[in-house]
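Consider the two complexes below, in which chain A is the common component and chain B and chain C are the respective partners.
And now, the complex of A and B:
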């Protein structure tokens, strides 16, 4: 197929659209290079979108390692990139070691079970109770933030639609929203903790109290961006579209779900993206205080430990939190692009 | 004698007009800023007529369409469709908006289907989809049914808008400057399209336009809307040209030239009167003579 044929260009454009839809637009110049588009332009683009960030990361690492050696603290010198990397590897190794121990424990239990049952003694299943590894903690944090985010979205989106559609409702809720919006998670947490202790008392709790406390604190702090953006999106529906709905005499359900919500969807997703970002930040603080076994607790434990490896481990946590936050944001950008009908992301 | 024994045909009643406006006026804002946009409008549109209303920008044309469509209520007077006063918008008065008002998240078929689903609720899904497709094909977009509005040109978007307006099966179709957002060449193409589609089932149409030629090409009757404020309708101009009207040959038609001249002169007169009326409201200047112009004695020679 020659590179001049229309089928070829259409194929190239389609591949680029998919790649951009997946949030991997830094690879677009690579695809264009392979297709033979203006090489100088593509190389320049690659240099700018990939080369420059890599250089700046490298510069940052060099600067950091130079500064680190010159700062002394109560618990040792500030760790440089090398120490942090070593700690990271250590945490990963610890994770696999724990998993191995769990597997060995289960194997021992199987042998013991056969022996006891052969002797006629009653057998009770025992579960390996090792400490959670770093990856377990990451997973717990992710579960908690998504639980909180889900609760926040289920509250904020319908409320936002209501406030956007009705000026009266907006006026009714506005003062409460303005007062509760600036409250820090650290102020909500004790209240949530006390309430959860008092109200959540089932026989066999499916969720840990600390999990619920952290998730609810995340919800309380992260519902405001979604609420504000949803209300704005709904209130700014094109009046011509509403006129179409009026001429067709659409019932209110059709009006809301087929016209108002699709029209407001880009702004709703902007709000969701901001909410997830806020939620992830709030989560670490909430976990620290609620002792939810996630990254927040990891940082707190390491700090209490006060060992020589503490600072390095906390820095590993900092980078982990940052990188996961970045990936979550990218995920929301992909979702936002998927629902944007103008072909552009609004934030 | 024999003639007196023959039964005489009953005198047929004059057909009731489909749309009637009686003494309609509309103003905006209350108190000192109150502007009467439309004043004492009287209009009568028989069934099957293609009426064009030509007017100046800002004279209240869109307000007029909104009143007929029921999107706004008149301050005085009544608007009756088929003898019944209208109380609000409805699919019996289909509207084709100036800015198309297509829903960008629905495809071409989806946009037309929205109208069909709203009006023909009782029909089966298959029948409704067939109906929507027939209108999409009618406006020449049978190949583009899966495209989204942002993938269409202006002319194609307007066609979808027209298809949606027709798909509601309205009693009267209201076109609010449907072609003014397009370039001249696309406009010409779409004018022929509109005539072709209209000729198929001769719906009653009220079209607002600012182009006199377009009005003469498409309409049976043209009524100018005088410039505001307090705009009212001018006299009717009948367009007796036979259909179909060919754009290239019509330019040489003396009848066409005559009607065109009449309307353009009327519009120019009316516009001149309106600007004279506003210029009469001049500021009264005080009678003061500038110093330089006062009579002075000439300097005497020494």
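And now, the complex of A and C:
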């Protein structure tokens, strides 16, 4: 098969589409290179999309390293990339050490179980109750942000569609939205904490109160971008489409789900993407105060330690939070591409 | 089938054995940490998770709300909650976690001024205890120019609050009063006391936002290590062997789970005893406490106060084997007279709004402090051979009249109103009038 054949080109285009669908479009020039497209242009593209960012990251590391060496405060010197890397490795090592302790605990429990059963004492299966490791905390944060984001989206999307379709509803909700939108999570948190404390009192709670408090605070702060963008997207549906729907006398469900939502989808997804970003930021603040055992609590606990490793540990957390935030954003882009029509996605 | 039939034997097992306790990152959370790490809790059939809390308020709220089954608490917290100062809840304590352990640190600038006022302080090893007399002219000068000194405390009903107030008032400085309208305690104050979380104290001291603070370890030694302040006095010198932290739980929890309460107390008593057994044990404790999930501060900072010494101005290290006391001198027994002292100080500064009878103080103390649980635990440990009979106090709950105060006053727990009347600064017992300036 020669590189001029249409089958080849089609195959190449298909591969590129898959790659872009996975959010890895920086590798497109590589594929094109392999397919024999104009090498000079592909190399230039590659240099710009991969080479330049790598160089800038390198420059940042060098700048940081020099800055850290020169800044000495009484609370400690600013850690450079090397110290932060050391602390990161330390956290990973602690994770494995803790898992090892869990294994030892299980072994002890086997012995204890025999002892108790010999005494006639009722036995329950025990789980190791050590500290949550760094990876446990990352996982808790992710679970919490998704819980909050889900609640926010389930509220914001229908409300946004309603506000976008009906100008009366929009007028009704608008003042409330404008007032509650700028409220900081730190102001919502005490209210949410008190409400959850008073209202969530089951005998055997499935969710921890701190989890619910953090998730709800995330929802309260992150539903606004989705709401606003959904309303805008719905309101900007091509009026011709709505006229056709009226002529055909389509029921409202068809109008909403077949016309309005698909047209508004790009803006809805823009809103969701912004909401997830806001939610991730809010989560860290909420966790610090609600004591949800995630990355926010990690940062606060390390700050409270006041040890010489504290600043470096907090910087590890800063990078972790940033990288995860970046990956969450890419996830939303991939989802957006999956459900959008071609040519409507702005990466 | 056998598991479903309650036997006589199960009547003595803990009712709830998977527990979560909260603590604050201060070195005197040691009994809890040791009880867990040395598996004393496991020996009692308890499976405990220890979780550090962001601050005292959150810890208190979570214990009251049931998310935490119990916690490391300031001695004043269960008392205040039960009598209605601050958040209202019925809390009890069966175990006193430690004695002493706090210090008052001032900024370098204030220390320099104090040395100018009192040249006796300007030597490498000044005579201790240092009273607030050298501070008084500085306080007055600051007040005259309209910028009164600011000092940090950790919580409105904390021992640190009552200690710094005692220390200031003993030298004629008014630390401010609480009134029905003023819940911040700054009425008629010569020095303004405000709440700052312990980890932020060194930074705020360095910036000059506060001029001093009263806090537990490792925050006084941190100031010395980072050269931003000088501890001038410890609470050991303000009131020798004063009660400091307790282990608190809700009354409801203790009523529903009496065996659990006793089992927890047993493990904690064993941990306290281990901590005071030897300096070697203290050093091992320091290693454990310096882990990031516990106190997390650097080992040398924690060791500075927990292994028998305390450092004042940099280079002025003194022997102080009783800076932290976890078991000696009946430290673990919850004495009613300790509770009454805190109640008198709450009345002295106005947190308790009206005068109360001596009987009221006694009755309030008996509601909160539970030596009955302690004695049940101690007797069980005696039977198991972990305690000797000599280590269990025989008392009616009131210590003998105590004169170990920096101003020489005598405290008799049976006579709280008489004690209150003996102070120049502070609400008097019956009249309820403030005598601040």
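Details
Just so it is clear, the second predicted complex is superposed on the first by the 331 of 347 C-alpha atoms of A that agree within 3 Å, B and C clash if a C-alpha of one lies under 4 Å from a C-alpha of the other, contacts with A are read in each partner's own complex, and residues count from 1 in each chain.
By our rule, a residue touches a chain if its C-beta (ideal position, glycine included) is under 8 Å from a C-beta of that chain, and two chains touch if they have at least 3 such contacts.
As the structure is a prediction and not an experimental result, all values here were calculated from the model.
On the shared subunit chain A, the superposed partners chain B and chain C are arranged side by side without overlap. Of the two partner chains placed around the shared chain by superposition, chain C is the only one that A:208 touches, whereas chain B remains out of contact. When both complexes are overlaid on chain A, the residue A:243 reaches chain B alone and has no touch with chain C. Applying the stated contact rule after C-alpha superposition, one finds that A:81 touches neither chain B nor chain C.
Shared-chain residue A:302: touches chain C; no touch with chain B.
In the superposition on chain A, contact of A:259 is made with chain B only, not with chain C.
When the two complexes are overlaid on their common chain A, residue A:121 makes contact with chain C while staying clear of chain B. In the superposed model, C is the one of chain B and chain C that contacts more residues of chain A. Here's the short version: in the overlay, chain B gets within 50 Å of chain C at its closest Cα pair. Touching of chain A by both chain B and chain C, each in its own complex, is seen for no residue at all.
If you check the complex, the residues on chain A that touch chain C are 74-75, 94, 108, 112, 119-122, 126, 129-131, 193, 197, 201, 208-210, 288-289, 291, 293, 297, 300-310, 313.
Against chain A, in their complex, chain B makes its touches with residues 69, 71, 88-91, 93-95, 97, 99, 101, 103-105, 114-115, 118-119, 148, 150, 168. Remark: chain C residues 2-3, 7, 9-10, 13, 18, 25, 42, 45, 47-49, 51-54, 58, 61-62, 65-67, 197-199, 202-203, 206, 218-219, 222, 226-228, 290, 292-293, 295-298 touch chain A in the complex. Per the touch definition, chain A reaches chain B in the complex via residues 238, 240-241, 243-244, 246-250, 254, 258-259, 262-263, 265, 341-343.
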